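Report on one structure; see the data block that follows.
Chain nomenclature is as follows: A, B, C and D, assigned in order of appearance, with residue numbering initiated at 1 for each chain independently.
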């Protein structure tokens, strides 16, 4: 966990959008200076004028460009809030609270002797925080392996961006892209000696990855997506039972080492 | 210049805006967003004599203009509060009240005695109305007899401001309000959450681990406002109103209905600065309406 | 093929969807929009023994995800209904139940006797829970003793389906539910409106002529769902659920919580065809979930 | 009162909009055939995605062109619903229930001997139904006198349209357009022998017009704007106390002869 910047409430403008049937990549800009943000952190987005979304919606930071005060969100349309968000017109104003949560633990800059092979496993929209994480790892000298899984080819997003920072491996359940099957079944996991796994995706998938990691005795962090009301530690709604008891996933998470979890 | 201060008996608030227990942590969670000295007071998280793990996840469900929660009073117990939290928050330049819950009268009394020793805590809010905990809690809030006992015994040991938080899950809130007044409560705060439930139609399962939970947010405002009005007319001690307050107009409405001060709860989650915005809004409202002091709003509803 | 029909004791509904009293007029108001034969039943406007002018204007206020009303049972009395309205609506191809209110037990009994003579009215819904009328009404709904008497005496004279509509403004709805069951009610419908209040902050006045009124719409759904669930577990007679139902998922949730049928109220104002849409939606839901009959949904909430 | 068409729930598309600081003229089209609509009738508009507007909003029909299935609404921005409506982008879909309410009583076609001078008095947004009414009167051979009042010039809308169908007289309280004062003080009311008054506007203004009409013994209809929940007779919320007791303004109104009212 890194030292965390002050939390802010900021207005952003949507300046670019790429939309797919079930998801959208939304690029936001703010006129303010962005606080320092670490991979794995998230924002709480206010979805305006939607009677069904009283609370904010937590979304991982997909990418940032602090120099230009740009922040990307990758949004899967699963309900009223995300649908409404993904439907926003360019130039719409969106209010966010950020940066929230802890972050993925970054390794020391790469050395000959240390960690060699890092695998970032993302399932479905769980790939969202991995782009930013992959870029940070690349800056530390690593060549991350992105292992992306989905039900079918349409679920695999941002391929070009991922290729900028590392090697990409894909599984789809219907075999329409990459190897057919689940991420945990991908051949790469047998071919290389995995030193570190970062994982984000649906809970069953993360649990499968966690047990694989335990089996091969590999360091592994996962990012949880528990339901949140506030996102900054005030409501105690987002708890996960860990070896320290109930902890808030919005402040002590969303990133956890699998050893802390009771999975 | 508008005088924004209000008195809850001997307790003076610099303005009528407080934050509601369970929605504001220990105040620290909001330090990045706002200056706590800008509001009249904060009520910290529900505290119990012994540590509580709280309920299982999931603990919340969104509803139309509101939310259900089933936190279940997760806290590390009053002694942990005294040792580890109080030192960090005792210098906040606002009134810090502790919200106290228990399963037995003895629990309440012991917690009150311990908190009484904390110099910078001018009062406690007795929570007899948490719908999320099996043992006690709400039982005290819905039975006049049980309420009578708990207020009487806490009052016997606790000499600072004793605010009693009423449950809305009752047939006649004035019966409980009067009971608390008779037993010496200094003020009444209301409402706590309404007992509600949410179901996932596709999964055919409850959305909360506890099946039912507490409803809060704008959806409960009409019920809260009615109960504040009824309570105001039934008792002489000050009433602190809450339930869905999200903006200045909401706060004014509660004061017109009889509240001497108000608490902001769930709205803090959506806009962490909203309590300050409301405090400023009240000043502006008083100016526009030619009021010299915010306390003139209390019960000023016009019925002619 | 899904069997959508449900039984409320001897009363058969072709599907579980009814429309709620006071929100559907006499059904005629909706003939332009929909075919009444597509729903299981309609409950017509609250009817009293004597004509009632209702409350003064204003009678409604919008609230977050809902509304307050203070209509106050405006109606031309049961004899006018029998002479002038019944002949117009008696051939509707659906169950037409009359919602009956009164200020005294005698009022209820007399109205029930008169309506019993109407061949095509298979039942009445006793409204002991209207929060908008001073004389009686809700008084019967919040006191087990008063409720006991009114149900007992109506039951003694009324031999068709006797549905009792419960008030949500009570500490423990199961006490009243059980009382009604013991006195021979055939089914229970709930919830009626929650007592609420709205204030115009700028005008510093109540928004309703009656100051308080009845809250309905999506905002009350979590409370209604919880009460249906509690009632379902407490009694053996069928429960008819309502409170904020606006779409199929809402209706399914009430059935999972224990409702044998549901009523759509305020949502009719926004979408006058919604009851038909929900009836169709329930059929679709049953198909998707492999249910042979809609009645399998009742109480099917999974808790494992 | 005319014989009223079946009520329908119809989707419209916003195809043209004229906006002022406090109001907007919104022109809608539907692909369906419009039912017959009479002047004074109104529609119930669904304001989508506004957490504060659960109920529909009643708005008078400002103008219709049945041949092209066009319907105009003149909307004053007074709260969340009307603001949201006025802010809609072109091509937005809007759902309405229509036609609702009774309508202004139209006179027989003009004859030498009968009614001569008809005055249509509108205050603020109350002018909305008078354009459609004026057109209908013109078609019956009358030259309506439109007496339009407002706080200031900016409140006087659709002047050109009104001039198409009759003579226009204006009062503003600040004197920025027409005569200074209230509508009831306009000189035209003294200059001509008024045979018939139709009036729509804020209640105090309509009450002033009604007492003037009574004083000069003139036939007068007013259009009320009571709060409505349903708009089609189901809820009994919109009542006005009349000489027949409480009647629903959405079915037996919004238009009333002043003799029916207890003003």
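Going forward, contacts are C-beta pairs under 8 Å (C-beta built on N, C-alpha and C of every residue); 3 or more make two chains touch, one makes a residue touch a chain.
Quick caveat: nothing in here was measured; it's all calculated off a predicted structure.
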Subject >> Whole-Å separation of chain centres (CA-atom averages), chain A against chain B >> reply: 36
Original post:
Between chain B and chain D, what is the separation of their C-alpha centroids in Å?
Top reply: 48
**OP:** Would you kindly tell me how far, in whole Å, the mean C-alpha position of chain C lies from that of chain B?
**Re:** 34
Original post:
Which chain B residues touch at least two other chains?
Top reply: 63-66, 217-218
Subject >> Multi-chain contact residues (two or more partners), chain D >> reply: 51, 54
Subject >> Topology of the chain contact graph, where touching chains are joined (line, ring, star, complete, other) >> reply: ring
Original post:
What are all the chain pairs that meet the touch criterion?
Top reply: A-B, A-D, B-C, C-D
Original post:
Where on chain A does chain D make contact in their complex?
Top reply: 49-51, 54, 84
Subject >> In the complex, chain A residues that touch chain B >> reply: 6-9, 46, 51-56, 97, 226-241, 245-246
Subject >> For the chain B and chain A complex, residues of the former touching the latter >> reply: 22-25, 29-30, 32-33, 45, 53-54, 56-67, 69, 71, 74, 217-218, 266, 268-273
Subject >> Residues of chain C that touch chain B when the two form their complex >> reply: 63-66, 68, 142, 169-172, 194-199, 201-206, 211-212, 215, 217-223, 225-226, 229, 244, 248-250, 252-253, 256-257, 285, 300-303
